[in-house]
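Consider the two complexes below, in which chain A is the common component and chain B and chain C are the respective partners.
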Partner chain A sequence: MLSALLVMAGIAIALGAVLGYAAIKFRVEGNPLVDKIDAILPQTQCGQCGFPGCKPYATAIAAGEADINKCPPGGEEGIHKLAELLGMEFKPLGGNAVPKPKSVAFIDEATCIGCTLCIQACPVDAIAGAAKQMHTIIAAECTGCELCVAPCPVDCISMKVIEEKITNWKWKYPVYALNTVETTNVAGAALQKTNGRAPG
Partner chain B sequence: MRKLNHFHGGIHPPSNKTQSTQVAIAHAPLPSKLIVPFHQHAGEIAKPVVQVGDHVLKGQLIGMPDGFVSSAVHAPTSGTITAIDLQLIAHPSGLPNLCATLIPDGKDEWVERKAVDYRDHSQPELQQLLRMNGVVGLGGAAFPSDVKLRIGKQKIKTLILNGAECEPYITCDDMLMRERANEIVQGAQMLRFMLDADEVLYGVEDNKPEAIAALQQAIKESNLNHDVVAIPTVYPGGSAKQLIRVLTGLEVPSGKLPTDIGVQCFNVATAYSVCRALAHGEPLLSRIITITGNVRRAQNFEALIGTPIDYLVALGEALSDTDGYIMGGPMMGIPLPSVHVPVVKATNCIIATSAKLFPQPQPSMPCIRCTRCVEACPADLQPQDLYWFAQSKEFGKAQKFSLFDCIECGACSYVCPSHIPLVQYYRFAKSEIRAREHDKQLADQARVRHEFREHRFEREKQEKADKLAAREAAAQAAKLASTQPLTPQQLAEQADLEARREHIREVAQSSVENTAVENTTERTGN
Partner chain C sequence: MTEYLLILISTVFVNNIVMVKILGLCPFMGVSKKLEAAIGMGAATTFVLTLGSGASYLINHYLLGPDLAYLTTLSFIVVIAGIVQFTEMVVEKTSPALYQTLGIYLPLITTNCAVLGIPLLNVQAKHNFMESIFFGMGGALGFTLVMVLFAGIRERMEGADVPVIFKGSAIAMVTAGLMSLSFMGFSGLIK
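== the complex of A and B ==
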């Protein structure tokens, strides 16, 4: 009886030691779910979700304090990805926010008075300039968050939609006209309508 | 006799090559205007180094290579640069790109040409020479040749010269091999020297007996140890990976390069331009182009880069029912956005199309999973699955099914009984995946920058707090050290304190004396 107890106690202590060691050795820094959510978010750092950046929003989603449909730059695709990751139902974009085409800020350098307010507002340090010196946007770093537009006292910042150029051109989803069908009635017209799209 | 291997699948479309091989290569006359794009190669666009109004000589550098994968661009003839602006080019997007417009002066006056003996130069020097001479792969992808020669420490066993030319209609390599085999062989020898390859093989499809004979003759005359191999005519036998498979039996692993298995592959026309660049000091200024399809005189022309395609088409006398033009072959070529676009280094063939020659594709039907595409796929893929994932935009799954091993040869679309434009779906999926990866990189960059900004704010706050604390501590110390006279109240307090201390000392003293007295009494008592 005593030996059995000792054996069981011994095993318990040994396993406990292993678990304790593993907990220290393989300790996960931070919340891995937050990082996974953060990886899906577009990192515009625009604050349109009501949080001061993508990471705080990710943290709030992970804690169950925020909905997954608050990120307009991520668009519906981002919501789909979040829903898949978190095992939730897809929700359409919340509020009256609409996803805009990707754009970059542009400073009209002739109007700029060098007040540095936009530099302070930029979440990714994408504006170069100094006090009473003209400022300019580093276009390659700009996330298009629009946070610099409002603080400008002379309204010299505008958002420019990134145009399709040969360097960023993409092959389009194949869409081709199918045979037009002679229509004589409403059902036929409906049939023709559905035939107008790509198959599949 | 070399034992040949086979690749999976492949198709046998009607070759339509004899139309354009009846007469020799003709030199296209000098057009009245040349439009030279600065981006004719894979990689980064060349930087313009001339200005509007400059007079340039034939072979003068006008575009400087910019970046690791880039190549030089030269003036194809002497004349005046009249514009450097965005012009329509042969690109599937139909979008314009930066071009120089050159009005020839008709003198065709060369810059100073410097021929070199390749044996006197180191490999990096030769690579730089090819880069500055604008030598790129002329098989269609226009990949800078110098980058393909930078192999590091890898050992190249086999150098393959690709003269397969498997696409229907195209005969520019065939005619080049027939007429200029000597220079191809010399170029191949130069490439062999630069790669230090053990053997040199020419892969030529067996529907080009004249080209094979010409190459063999040239090799015999120059007394070199090269080997011309006639390979079976199967489309796409001229695709690099498939040709390597046929000639060596080796398979290029997914995501790897031929050099990883000790093979490197160049087009025969590239070897020709390597020879022109090194042995004659001539940059890549012209190329052979097949004008065929719905034309009266199908023929190969040697035309300057920048020649407007309508000019060439006029030489071939396009028929009146022509309704469009394809650059490249009918399988992989791209429809031209306009017939006024210029010839570039990648232009191997122009096919005039008509409703009779290329009837409108039949309407697509749903995929019935007959797997005929699987039988035809030369890359051993599952095209029907790739189609399914691409059309439903499940890009992750498409990637898992090796979408990026697809060579876009079009064999699957060719055999599809439902007439689904499969390759268009793969192209869409590939470019979408690439764009997403690019966006992801940008997002990661933005995250790093944002986090660093937060970190900087944190640090600045900490520094400010530290500074404040230090200042306060300094003020305290200064206060103590100061010799300000004390107020009467403080003096009174101090005196009070002193008096108390005195009292305590007295008490302590007396108690010690008392105990001492008691001790003495006890001792005497004993």
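== the complex of A and C ==
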């Protein structure tokens, strides 16, 4: 009985030691923060933030080299999530990125010459069509990144704003303005002092 | 040397772990829908099973012995689980591409009954260390062979006109049965 316990305990300890050693020896270096930020970004790979894709932007945010407010497809909701994750304050969309209403690309099929340039530009394969056949946008797949607009040689792609209808309406992200409260009385000031000291 | 070769041929064809011993049917049915996944599963199982056979022989021979024979199943499960964990860490570090390909199949090997069955068969047959390793490797190679064959058949069957009643798992089971019958043809290959 005792030997059985000893053998099983020995095996467990030996395996535990090997696995513990392996966990240190073979630890995969990776920044978990980058993955977390990347998960929040919309993965349109549109490059409107000035980086070549969502992952490089996430890496730059994690390194503190980029602001959190440069992603138009993510919108205000994305910035709120990023701010919450990183413990920063919310900033409105900034830089060359201006807030736009959610929209999808639309191809004027009468003008389209079927050059396939927009298909190659689309990061999410939301354009159907073939060479010398007119193309069309799969509206449900389109992320509104506008990457297909520039390559079109006949300017037949326009961005159409999605109207708010009963089928696509969503609750607005609640934004509460912070009220600054004046602390005039002594008790309030003392309370604020202790509050200020407590976390430090 | 011929002895080891015979063990290999015997375990791959004559006593195939899936088709003749009917072990490891879960991954055989579950992971054989796509050829790539079947190959990945086979490769990972081969690695774990070869290591596991050697380790379980050492434990059975030097730690347990005849007195503690009742601990074989328990200790083998613990050791196999440990080896699978270790393999996962090593693969993740050394080859992230392979780690991505194998994905969930790597940890799932722990629950593959062929992986526990082969060490137990080793004990039953009283194999020595090298024989155990070759028995494990052969069994795993046989497993891989059958997985690849079956995945190929299933991929072809996707486009076949199967009667509605037999669609899906039913026709897969019938096919597996026919494959098992055909593997019976190997019996008597080695006297």
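Heads up, the rule we're going with is that the second predicted complex is superposed on the first by the 132 of 200 C-alpha atoms of A that agree within 3 Å, B and C clash if a C-alpha of one lies under 4 Å from a C-alpha of the other, contacts with A are read in each partner's own complex, and residues count from 1 in each chain.
Everything below uses one rule, namely that contacts are C-beta pairs under 8 Å (C-beta built on N, C-alpha and C of every residue); 3 or more make two chains touch, one makes a residue touch a chain.
Just so it is clear, the model here is predicted, and its values are computed rather than measured.
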item: Partner chain in contact with A:164 - chain B first, chain C second, else both or neither; value: first
item: Contacts of A:15 with chain B and chain C, given as first, second, both or neither; value: second
item: Touched chain A residues, chain B compared with chain C; value: B
item: Which superposed partner A:28 touches (first chain B, second chain C, both, neither); value: second
item: Touched partner set for A:126, first chain B, second chain C, both or neither; value: first
item: Touching partner for A:3 - first (chain B), second (chain C), both, neither; value: second
item: Residue ranges of chain A in contact with chain C within the complex; value: 3-4, 7-8, 10-12, 15, 18-19, 22-23, 26-28
item: Contact set on chain B toward chain A in their complex; value: 39, 89, 91-93, 95-97, 363-367, 391-392, 420-421, 424-425, 427-428, 430-432, 435, 439, 442-447, 449-454
item: Complex contacts: residues of chain C adjacent to chain A; value: 59, 63-64, 67-68, 70-71, 74-75, 78-79, 82, 85-86, 89-90, 92-94, 96
item: Chain B-touching residues of chain A, taken from the complex the two chains share; value: 38, 41-45, 53-55, 123-126, 141, 143, 164-166, 168-174, 176, 178-179, 198-200
